[in-house]
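In order of appearance the chains are A, B, C and D, and numbering begins at 1 in each one.
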Amino acid sequence: MSTVTVWNEYVHEKEDEQVAELYPDGIHEHVASVLAEAGHDTHTATLQEPEHGLTEDVLEETDVLFWWGHIAHDEVQDEIAERVARHVREGMGLVVLHSGHHSKPFRKLLGMPADLTYREAEERERVHVIDPGHPITNGLPETFVVPEAEMYGEPFTVPEPDRLVFVSWFEGGEVFRSGCCYRRGNGKIFYFRPGHETYPVYHQDEIQTVLRNAAEWAAPVEGSPYPTECRNVGEPAEEIDGYDP
Amino acid sequence: MSTVTVWNEYVHEKEDEQVAELYPDGIHEHVASVLAEAGHDTHTATLQEPEHGLTEDVLEETDVLFWWGHIAHDEVQDEIAERVARHVREGMGLVVLHSGHHSKPFRKLLGMPADLTYREAEERERVHVIDPGHPITNGLPETFVVPEAEMYGEPFTVPEPDRLVFVSWFEGGEVFRSGCCYRRGNGKIFYFRPGHETYPVYHQDEIQTVLRNAAEWAAPVEGSPYPTECRNVGEPAEEIDGYDP
Amino acid sequence: MSTVTVWNEYVHEKEDEQVAELYPDGIHEHVASVLAEAGHDTHTATLQEPEHGLTEDVLEETDVLFWWGHIAHDEVQDEIAERVARHVREGMGLVVLHSGHHSKPFRKLLGMPADLTYREAEERERVHVIDPGHPITNGLPETFVVPEAEMYGEPFTVPEPDRLVFVSWFEGGEVFRSGCCYRRGNGKIFYFRPGHETYPVYHQDEIQTVLRNAAEWAAPVEGSPYPTECRNVGEPAEEIDGYDP
Amino acid sequence: MSTVTVWNEYVHEKEDEQVAELYPDGIHEHVASVLAEAGHDTHTATLQEPEHGLTEDVLEETDVLFWWGHIAHDEVQDEIAERVARHVREGMGLVVLHSGHHSKPFRKLLGMPADLTYREAEERERVHVIDPGHPITNGLPETFVVPEAEMYGEPFTVPEPDRLVFVSWFEGGEVFRSGCCYRRGNGKIFYFRPGHETYPVYHQDEIQTVLRNAAEWAAPVEGSPYPTECRNVGEPAEEIDGYDP
């Protein structure tokens, strides 16, 4: 089981009754409770806390960071976004939810703006499993429906994912790469599209299955040491003709 | 043939006699002359010029930007680095040479620090072609020697390249992914390791072959339009039950 | 311009009136004429010819081989399928159309069965460009409709493509990776989904644009020599302590 | 812990004294004992057994199959090689050792001949970790030496690996992609270069660490169901205008 921190900008829930009704304690508390039920050790953090709740100590203790943001991306301090990116490179997992595609840490780590097309029309989304051998699909059927969704459409301006796990079909005619895996350094990144704040997406069984699987999958891997700086290795391992270090 | 801009921080050549002797007019003028001989329309730009010589107009006209930098990466303005990255995403090619691995545009586009190990010991480097089907290898033998090289060693903290074209062997026992291809948006990126300022690397035939091939390969591709922002497509292509935009 | 051979099993056209009406001289002659109009030097070959029309000489002269097959995959001789695969590895391009996903050369080169789901219901297909920087998308809009299509659905059991160019949306709720690029050795492979024999798919403008672009893209690349066998290099390039070859 | 079957052609050990001395019960028994010590449930199988010891039942029970072969690849029945490939696609892990690069299952799954260059000169090999975030590197230093090795050199004619974990440096001047990860369907494949029969490679600590890590990494993943055939889904999930199945 992982130590998970669920981060939320926590703005919509305090300003919009419909959102507040769906997520009375905030999306972060809801997602955290879903993960806690599965046995993960969960914490939350929000934009409004000092250092957005993402101090060195918090990130040091975090195996996987979940990120939900939408209208306040610009209020995230650059320094904190860079801190998150650094922790990912050194092994922390990052699960980016829905409108988090435009969050600073995600864009920084991908080197791309992650633009897309969108439409808010309460339309039907059908999520298809593309890569049934990926552990994030464990327990899912081949396809499932999100009854009311905000549409996201292609082209999604991100680097080609290392593994493409889900592709969504939308009633209005679009498709979208809804589950994308990346690695940056020793850290794993999973982008998961569903999750608009005005629909009860995170109350849905299949979506909760994905969240739980992602918390397991994105956990740090034990590998060999990750190098965090350039190093001069003046002393060569093999002899160099005419060189005496 | 491509319109090429060769950028150089142009510092070593003015401060170090050995470098000045190898590249009396600067590495940029030397690389540009190699490409001009092959028929490319070449220009140069340096750190010291206004906007580092990389105005919107210059980048708009540039098919492929070559980048050489080493000790002055920090003096490149963030705004210009971001401008370069944006032009790459919209289709401009970028060829990053040697110590340019630590340049701002390269790190921004990859989302990684691109750290490595290094050693300056005049040691022998042997460049091996890994991907003989890549056009950047056209005209090269299976392997060739750079007689005196600064060593770069793994782990090289970059995302897994889309295509790995060259791997180098070093006399002192290291290996390095010396030719790495990436795409970011519609733009192609090629990182090429050889090229230390105190050795006559860019005077070597095989190296010049790679530079010429890279100028051709990285040129913009005619595809379908690249989206540069998020767009609301309120009007769906297919009818949505109960929705009237 | 490329030298193109269009291969067709040429069975449906002789047995089914509807197909014969759409393609009176066979799908191969129709596709060849589309490519010839664009200036390619085109030839055709069919299952019924000696060696299926794919002799060593024909393949040696072919830059890009187009492949259409459906109900007669098993009648293709293993030896000829392996010959095609070998030519691809040595640089020949291969464009696999529609039901060719189950052809012997494609499955051999991928190492996978390339299974999928399907439905014949004259439904609407909407092809979306996912990778607008790919030259196969040149001249296409962001999305276009195939008015009547046989549905192909995921999971499509192929290796993750090197580049995913198109994803299709189907009226009945499915999605499919409709444009997939691979490399095998020095050869390029493009799988393109649309093209059912009972619908006028290859008469459609956007589809013809893709066929033309694919003929250009898949043409052999000039790289360094491709190794076609294991070789003993007894004489090392660098001295080995205590070894005298 | 995994259920592991270690397969060996088991020919050299019975014909060559030097090999017999290093591996008195065969390479398979030696590798199996290394894995058994780590807690895996290990079995062995050899070419000489009926169905090469790889019956449906054996493969059904196997989580990860290790494969060592060299001079008897051709004696492996095509039907058994295809059976192994099918089990990999359906989830079984496959760890291919050293000269197994030319084995039938590996070549079938990759769709490539996996040719390379080689030299037997008792030269020093230096294995470098390229991807320190991969679990197969757990417990390894950044680099380690195989004191006496058969050299394998590039180009290695395989598809670009999904992840490149190790690159080797050889005393005689070559490099090689020594640790390559692939997926085919739901199964994971790891190719590991070191392991020549006349040198005590599998007695070396770092090599045994890799074998143990590979047995864990390649174990089947719980995902969603893997489709093993084409299926007609006549009944669409979404309504199709004018279609009544």
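Here is the rule we use: a contact is a pair of C-beta atoms (placed from the backbone, for glycine too) under 8 Å apart; a residue touches a chain by one contact, two chains touch by 3 or more.
Everything numeric in this text was worked out from a predicted model, so none of it was measured.
Participant: Trace the shortest sequence of touching chains from chain A to chain C and report its length in steps.
Facilitator: Tracing touching chains, the least step count from chain A to chain C comes to 1.
Participant: With chain centres defined as mean CA positions, report which chain is farthest from chain A.
Facilitator: Looking at centroid distances, C is the chain farthest away.
Participant: So the centre of each chain is just the mean of its C-alpha atoms; given that, what is the distance between chain B and chain C in Å?
Facilitator: 33
Participant: For chain B and chain D, let me know how many angstrom lie between their CA-based centres, rounded off.
Facilitator: 36
Participant: Once you find the CA centre of chain A and the CA centre of chain B, what distance in Å lies between them?
Facilitator: 30
Participant: For chain A, which residues are shared contacts with two or more other chains?
Facilitator: In chain A, residues 124, 126, 129, 131-132, 142-143, 153, 155, 160, 162, 171, 173-174, 183, 185, 226-227, 237-238 touch at least two other chains, as defined above.
Participant: Contact residues on chain A for chain C in the complex?
Facilitator: Counting only chain A, the residues touching chain C are 126, 128-132, 142-143, 153-156, 160, 163-164, 167-170, 173-175, 177.
Participant: Hey, which residues of chain B end up touching chain A in the complex?
Facilitator: These residues of chain B touch chain A: 85, 89, 102, 108-113, 115-119, 121-124, 151, 153, 155, 157, 159-160, 162, 171-174, 182-185, 226-234, 236-243, 245.
Participant: Contact residues on chain C for chain B in the complex?
Facilitator: Against chain B, the touching part of chain C is residues 91, 124, 126, 129, 131-143, 162, 171, 183, 185-187, 221-227, 237-238.
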